[in-house]
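Heads up, the next two complexes both have chain A, just with different partners, chain B and then chain C.
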Partner chain A sequence: MPTPTSIPVVDGLFDVQDGAPALVGAKCTACGTHYFPRRARCSNPACNGAEAAPVRLGPRGVLYSWSVQAYRPPPLFGMDPWAPYAIGLVDLPEGVRVMAMLTGAPPEAFQIGSPMQLRLEPLRVDADGREVLTWKFAPVAEHVA
Partner chain B sequence: MAHGIRDKVAILGMGCSRFGERWDAGPDDLMVEAFKEALADAGLERDRIEAAWLGVFYQEQSTSKSGLPLSMALRLPNVPVTRVENLCATGTEALRGAAYAVAAGACDVALAMGVEKLKDTGFAGLPERTKGTFEDLWQPGFTPPGAFAQLGAAYAAKHGLPMDELKRAMAHVSWKSHENAALNPKAHLRNRITVEQALNAPMVAYPLGTYDCCGVSDGAACAIVTTPEIARSLGKRDLVTIKALQLAPSNGVEMGHASWDGAHTPTTRIAAAKAYAEAGVQDPRAELSLIEVHDCFSITELVLMEDLGLSEPGRAAFDVRDGRYDRDGAIPCQVDGGLKCFGHPVGASGLRMVYEVYTQLLGRAGARQLSSPTLGLTHNLGGIPNRNVASISILGLHAA
Partner chain C sequence: MRPVYVLGVGAHPWGKFPETPQVQLAAHALGAALRDAGLGWRDLGGLVAASSRFEGGLGWGLHANELLQSVAELGIPTLNVGGGCAAGGIAVHSTALMIASGQCEIAAAVGAERMPKGFIPRPPGTKDDPTDSDYLRWVAMGATNPVYWALEARRRMHEFGTTEETYAAASVLMHRNAVGNPLARYRAECTVAEVLASPVVASPLRLLELCAVSDGAAAVILGTESAARRLGVPLVRVAGYATATGSFGDPATRIPTISTNPVAGAPHTSEVATAARRAMAMAGLGPEDVDLVELADNSVWQVLAWPEMLGFCEPGQADWMLTHGEFDLDGEMPVNPSGGFLSFGEATTAQGLLQVCELAWQLRGQATGRQVPGAKVGMSAILGLGANGASIVLQA
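Showing the complex of A and B:
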């Protein structure tokens, strides 16, 4: 996964295989419900399954809704330098709806229903000079407004 | 369903502090301010309080997370105090505890208090508060405005409504609340605004501008509850009783799943259906005299009109602009000014809403008094649209 000069914002949220990033979620071994982020147990009220196994999700999805965060959130978020950024809800083929930062287009250019692609991008540089990577979704190239 | 809480508990007295930037008062002062009013209203000495529930969400830096702040501030030593927290439904959760205790016969008179002093946290919006180490780290900068704002684009897309039409309805929501708050001496933001002002305000999170967001305030509100029989024996003639108390947390799969309707708040629909059944409400549109809902943002209030079954799907924006939820409309909403103008001291908000319904039902609302209200609803939505607790109370005049 990340090169020695980068680290994930949180371990276990995404990985890279053969250069392709994917979100890492979980799939219930009994009912098949998917979750993001990963969890150890299914929480589907209609399921009695005990286990949920790690599974790669996406990496493509469809934009369900979006907004633009116009003020700087409280500090724990740790984006630096900060600038207003788009956020959105992306529906993945597995049935999961993921909230994510959006990238790859001006904030007001996002369109509900358009295909989106996962990307890893730096959120900040840490004290050791490493890029702290987070996951974002960008419009699939041919659909940029 | 079992018989439920309906008419088992009466409100003996209520109090509500002035909400605002209360640099003059600590949380204990705010509790005392609300409590004195409630005691005078109830016509009781404070030693009649047998148990208390304290709702506090953020403010542990000056109140701590125990029951002690209430015991000490209100001088109620050795009375059992349960401190509760359930996101934005925290105040209503305190009322639920007190009401259930009375209904169970565990005590005759109980107190529900909610307090929060948000301004002391020094942050302009809601302060940072841990949701657990992992949760904090993985959520990439999703503020409450950013999360709720997405109801806007999703609602517009789902119902085929142009965003400028939706924005105008959202502006009407906030304009209406400011009109109401101008008549309420306890509200924080008492200025009147125009729809144009709301439309042209700086963006906080598209499509939410400054006037689409509720204030950040300090405040406290409380209720003293007992049984209807005891209330009568104490000489109360007009009685407000609790008709329903319901709470619906997210179910597990709806959080983060495409099966969840991200243009609405499904938990509200579930809580509302249960609350209407518990209260015996057949037709909420005809029966509810007023409602106080969780207008953390204008778009939230708008979609809630459909979630509560008061507007047809896709029609809330039109009903709002037709004035249906104005003070002189068919179902007045936020007659006191709402979260919009009271701000949202989280622990206090639910009880502040109940205070307005109680005040209106007893005909004590002065310049903003509605004509002969008989039944009111309060609603809280804690969390974010896809991960929340929805809380509903229904209160009404009790037949003699």
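Showing the complex of A and C:
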């Protein structure tokens, strides 16, 4: 049976190398500040508009804060089936704090300070039967009760 | 730069007015401000409109020229300024500069808005652009505006031990203040139990802890000292006025971004903190001199976090201040005697102007039903989409 195909919700935000997912961001060529998503220039005024080059970020981080959205967002958000879900801010070791959907635990069960792991998971299945993937963070396995 | 005075203030009540065109709301507010000053339309020397993406002739938001074409074709200079919710504060700043620079003797700032229903969406017709974070936050994770405040609120609970009851008490205070304000949309008192019983929108924040969206309009007329004395209005000086943008390393995750680059020690919500610091320095005053503050309470989180950010109390102290009545009308540092965004609902461009109207009414002793006793110095602080900040300091 052929593997079901999947597509990213938006091109260029994450990739998989040797089976390992990572977010694709950028790193300032002058001061080393990391950004997500990719961008052309560093905004540190000390860098005077220095270029930022693509870089892979993650896949581990620490949960800075989280919330559960109880009401369905506007239709541009194509989660299907929809249910209340958690969104969090995750501090990556590169110094960038990334917003993401959270997974791997019940919506209200997350804890600030937990080690988190990047996962690519489907938001929905599109009309061609492909999984539409977005990036999420889940508690690192050994920390799940 | 010459001193600038408040000549008149006025507002249209907040609510939902689908049958009233935006320009009519603006004319109502500016007309009220002109009457308050004892002036007519023909006396205006300049007009600044606070503009947003939600509505407005020609697609560029409320436009000063459009208002003049509908009421008085004066040939005067106009400015149209943006900055999301901060646009009203930015408009007062621009108007003050028109007076201070010698360009105008009398000039006005006006904001008027009719908001779309529900979660604030993307501008109509926006392209799906993968480099636009306002596209990414919707399509990739469905992050609504309330979730940004919820993430701050949850973090505060972790750092300072703020409880859900304390957040609810902040909502109770805002609604209690609004009972005395006929301009507010929500004027019924509520209890902590009622707030906690309202549905969770984005945990830990509930419906009564988040500002709704409303329609409304407000206007401020500024002028020289000689104009103020000639008109015989109460002498309220625009002692400080400043705008600012965000600083590198600010840990705030701003709507509609999906990441931030926090630098240790960098100030939070720096666009507002910086604007307030500049306005205070211009006025030659410190936080201890301020008798009341009107701050942008998009949620109950701001009611606690911003008085700390503005220097009215130490980080983590606001919970104690609130629960001991120090943010009340007769407390040490009254917060939002108007009732704030939580009691008005956000009418984007009008919000920063309403704040300055309220400061003027308070300093004149005209804030019947919500008066801060003996108020001599009032400060506004407002945040606009992205990283726009503005702050106005009035002194009687």
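One rule holds for everything that comes next: the second predicted complex is superposed on the first by the 139 of 145 C-alpha atoms of A that agree within 3 Å, B and C clash if a C-alpha of one lies under 4 Å from a C-alpha of the other, contacts with A are read in each partner's own complex, and residues count from 1 in each chain.
By our rule, contacts are C-beta pairs under 8 Å (C-beta built on N, C-alpha and C of every residue); 3 or more make two chains touch, one makes a residue touch a chain.
Computed from a predicted model, the values in this text were never measured in an experiment.
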item: Three-chain arrangement built on chain A, chain B and chain C clash or fit; value: clash
item: Touching partner for A:18 - first (chain B), second (chain C), both, neither; value: neither
item: Partner chain(s) touched by A:112 [first = chain B, second = chain C, both, neither]; value: both
item: First, second, both or neither for A:35, with chain B first and chain C second; value: both
item: Which of chain B and chain C A:64 touches, first, second, both or neither; value: both
item: Shared chain A surface residues [contacts with chain B and with chain C]; value: 9-10, 13, 33, 35-37, 43-45, 64-71, 73-74, 76-77, 79, 87-89, 95-101, 108, 112-113, 134-135
item: Residues of chain C defined as touching chain A within the complex; value: 118-119, 121-122, 130-131, 135-144, 147, 150-152, 154-155, 158, 199-205, 248-249, 251, 253, 257-262
item: Touching residues (chain side chain A, partner chain C) in the complex; value: 9-13, 33-37, 39, 43-45, 64-71, 73-74, 76-79, 87-89, 95-101, 108, 112-113, 134-135
item: Complex interface listing, chain A residues touching chain B; value: 9-10, 13, 33, 35-37, 43-45, 64-71, 73-77, 79, 85, 87-89, 91, 95-101, 107-108, 112-113, 123, 134-135
item: Chain B residues touching chain A - in the complex, by the definition given at the top; value: 123-125, 127-128, 134, 136-143, 145-147, 149-154, 157, 202-208, 251-253, 256-260, 262-263, 386
